[in-house]
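So the structure is just underneath, and the comments pick up after that.
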Amino acid sequence: MAYQVATPAFSGPFEVLLQLILRERVEIHDISIARITDAFLAEIEQAAECDLETATEFLLIAATLVEMKAKRLLPSESVVDLDDELDAVSERDLLLARLLECNTFRDASRTLRRMFEDAARSRARTVGVTEERWLMLAPVLLGGVSPADVRAACLRAAAPGIEPRVDTTHITPISLTVGDAVAELIEALSDQQQATFRRLTEGIDDRLELVVRFLAVLELVKQGLADVQQAITFGDIVISWTGSDDAEVRQAAMAGVDVYEG
Amino acid sequence: MSGPGDPAAPRRSSLAAALEAVLLLADEPVSPQVLAAVVGASAEEVRGACDALAAEYESHRRGFVLARVAGGYRYQTAPDQDLYVERFVRDGHSGRLSAAALETLAVVAYKQPVSRQQVAEIRGVNVDGVIRTLQRRGYIDEIARLPGPGQAVLYGTTRQFLEHLGLDSLDELPPLEQFVPDPDAVETMERRLRVVPSIDAAHPDGPAGDEP
Amino acid sequence: MSGPGDPAAPRRSSLAAALEAVLLLADEPVSPQVLAAVVGASAEEVRGACDALAAEYESHRRGFVLARVAGGYRYQTAPDQDLYVERFVRDGHSGRLSAAALETLAVVAYKQPVSRQQVAEIRGVNVDGVIRTLQRRGYIDEIARLPGPGQAVLYGTTRQFLEHLGLDSLDELPPLEQFVPDPDAVETMERRLRVVPSIDAAHPDGPAGDEP
């Protein structure tokens, strides 16, 4: 019911560099600097909260890469300045170390996500005491409650998404988020391997719903999970599954598709 | 924690398990009609399954019973465990306000004077029982009545409420907006907290603003 | 009615029934020590009885489970009833954490106590906003302060974090080593970052197709 806007997960310059190195399978000095810059700029543009500090980080990394590349391109002198070389090595090691750390916590966070999701399937009874006779017996009902808790409770009571009674008659309801649609598509495509967009959206005539599904297809392509072909303009769009059939990999892919939370 | 149980275990109806799960989370009696809609069975089937469950718990002398209260079902402690339950509650291990009850109290605190109906609109659930408890425990009280037919009671918080929170006056309650994350959320919450227009009209100087 | 329950039904210990009653009223995980004091048994006996109850519920495929979480026991719905439960509660569970927030949470979970500055260094971005979100959600909190000027706040995960992950303690987090890239991956990254111009000649300016 609630609108959810899916935006790409913004997870830092290391993440972007990691993507470039691991996914695109190129050596750092083989990437054109323009491509790196494009990728960084694209990332910055998409980032919901990009501050000066973040931009600076990106610049720093880009500059480091430029420097590394420049060194690489220069004709190698027979006499190499040892200091320069050491600098280059330690720079690289530092970058490598940070990339490794980034990679480690990214994987750890995906496992956390899975644990959260598994745990969410089982909900705790937090009802507490319901019978009035017991409630009247309790020494302090407000034990440990602070003014801030009261404020939080009031905001919670009024917060969106808690109960479905918002008056939504003035907006067109979207029953499906891009995230949902991606999950649906992954399910369908990994099963059928190939399908046309027309077939995947059979029976759907709401335009918004179609758009949501189309965005989901683009998201899959971006995640490297699908290929799209269209033989002629306005022809059928054929979507082929290129992702893994491993459920874990698919879940990891889902973690990349994110609903941004303020 | 999860997983299929031991295969030799007796086949329990999946309806019973679904009802157990739903009722475990219910903080007020749930009617057979609501249960039926949730688990996808008829109210008749639900009633049968609930009664069977209640009988099963009783014959196994469990510590809880499935009681039929106010036209619905809810879990309660078995009467023969009163001794332990009383100790548990008296020692302050439980009996704090549930999150739901605290929300009701908070809405009253910030929106007072406010009617039961208005609180229910904001919370999205019936709050009669909670309001009664809060009033009997001295945290809220009747502070005015709406004019016009029906004369709905308007509630506000009490001195005792302030004392328990260590506050001198309501002005010391942290302002709602200061802590709100982003403009979108503020707007949504504002909209949700806005009292329904029809009531507003009947109550011009009422709790429409944000002032506590 | 003898119910479809266990064949060896009737003889249940009164300890089990007392625990069932008390746990029904608990609004957070209750430690074996507290349970022991309330029901008048040893913590050891309580643990044994709770584990037996949990096994019994599971083998009978009840709609609820007795889970061990954050150092205590509590009733939860059985994971396989999530469909019905979802339909019934419809609460704010949908607010998934963003990938950025989740990665920050992972850093805090594994590195705690850790300062904002340290987290930012690892993540390579300013994390102020995300830290605030995580704190507001109740997953992390200030747990100490660095000595010396400035007294930077050190963050750690909360009990609620454990509860939401369904963990008994932080020891149950999968070891971080498990996520460290394997030597092959490290080597690949290393090679791709290499600047030493030794194989320059063999490697003109083209895409490196031969990389693994």
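Letters A, B and C mark the chains as written, and numbering starts fresh at 1 in each.
Following the convention adopted for this analysis, a residue touches a chain if its C-beta (ideal position, glycine included) is under 8 Å from a C-beta of that chain, and two chains touch if they have at least 3 such contacts.
Computed from a predicted model, the values in this text were never measured in an experiment.
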{"item": "Busiest interface, counted in C-beta pairs", "value": "A-C"}
{"item": "Per-chain CA centroid nearest to the all-protein CA mean", "value": "C"}
{"item": "Far-end chain from chain B, centres as C-alpha averages", "value": "A"}
{"item": "Averaged-CA centre spacing for the pair chain C and chain B, given as whole angstrom", "value": "28"}
{"item": "Rounded Å distance between chain A and chain C, as computed from the means of their C-alpha atoms", "value": "20"}
{"item": "Inter-chain centre distance, chain A versus chain B - centres from mean C-alpha coordinates, in Å", "value": "36"}
{"item": "Interface hub residues of chain A, defined as touching at least two other chains", "value": "118, 121-123, 125-129, 134, 156, 159, 162-164, 262"}
{"item": "Where chain B touches two or more other chains, by residue", "value": "1-2, 24-26, 76-77, 85, 89, 94-96, 98, 181"}
{"item": "Chain A to chain B touching residues, read off their complex", "value": "118, 121-123, 125-132, 134-160, 162-166, 262"}
{"item": "Of all residues in chain B, those that touch chain A in their complex", "value": "1-2, 24-28, 74, 76-77, 85-86, 89-90, 92, 94-99, 101-107, 109-110, 121-125, 129, 132-133, 136-137, 139, 161, 164-167, 172-174, 176, 179-182, 184-185, 188-189, 191-193"}
{"item": "Touching residues (chain side chain B, partner chain C) in the complex", "value": "1-6, 9-13, 16-26, 38-39, 52, 55-56, 59-64, 75-78, 80-81, 84-85, 87-89, 91, 93-96, 98, 181"}
{"item": "Touching residues (chain side chain A, partner chain C) in the complex", "value": "2, 4, 9-15, 21-22, 25-30, 49, 51, 53-54, 57, 68, 71-72, 74, 76, 85, 88-89, 91-92, 95-96, 98-113, 115-116, 118-129, 134, 156, 159, 161-164, 255-256, 258-262"}
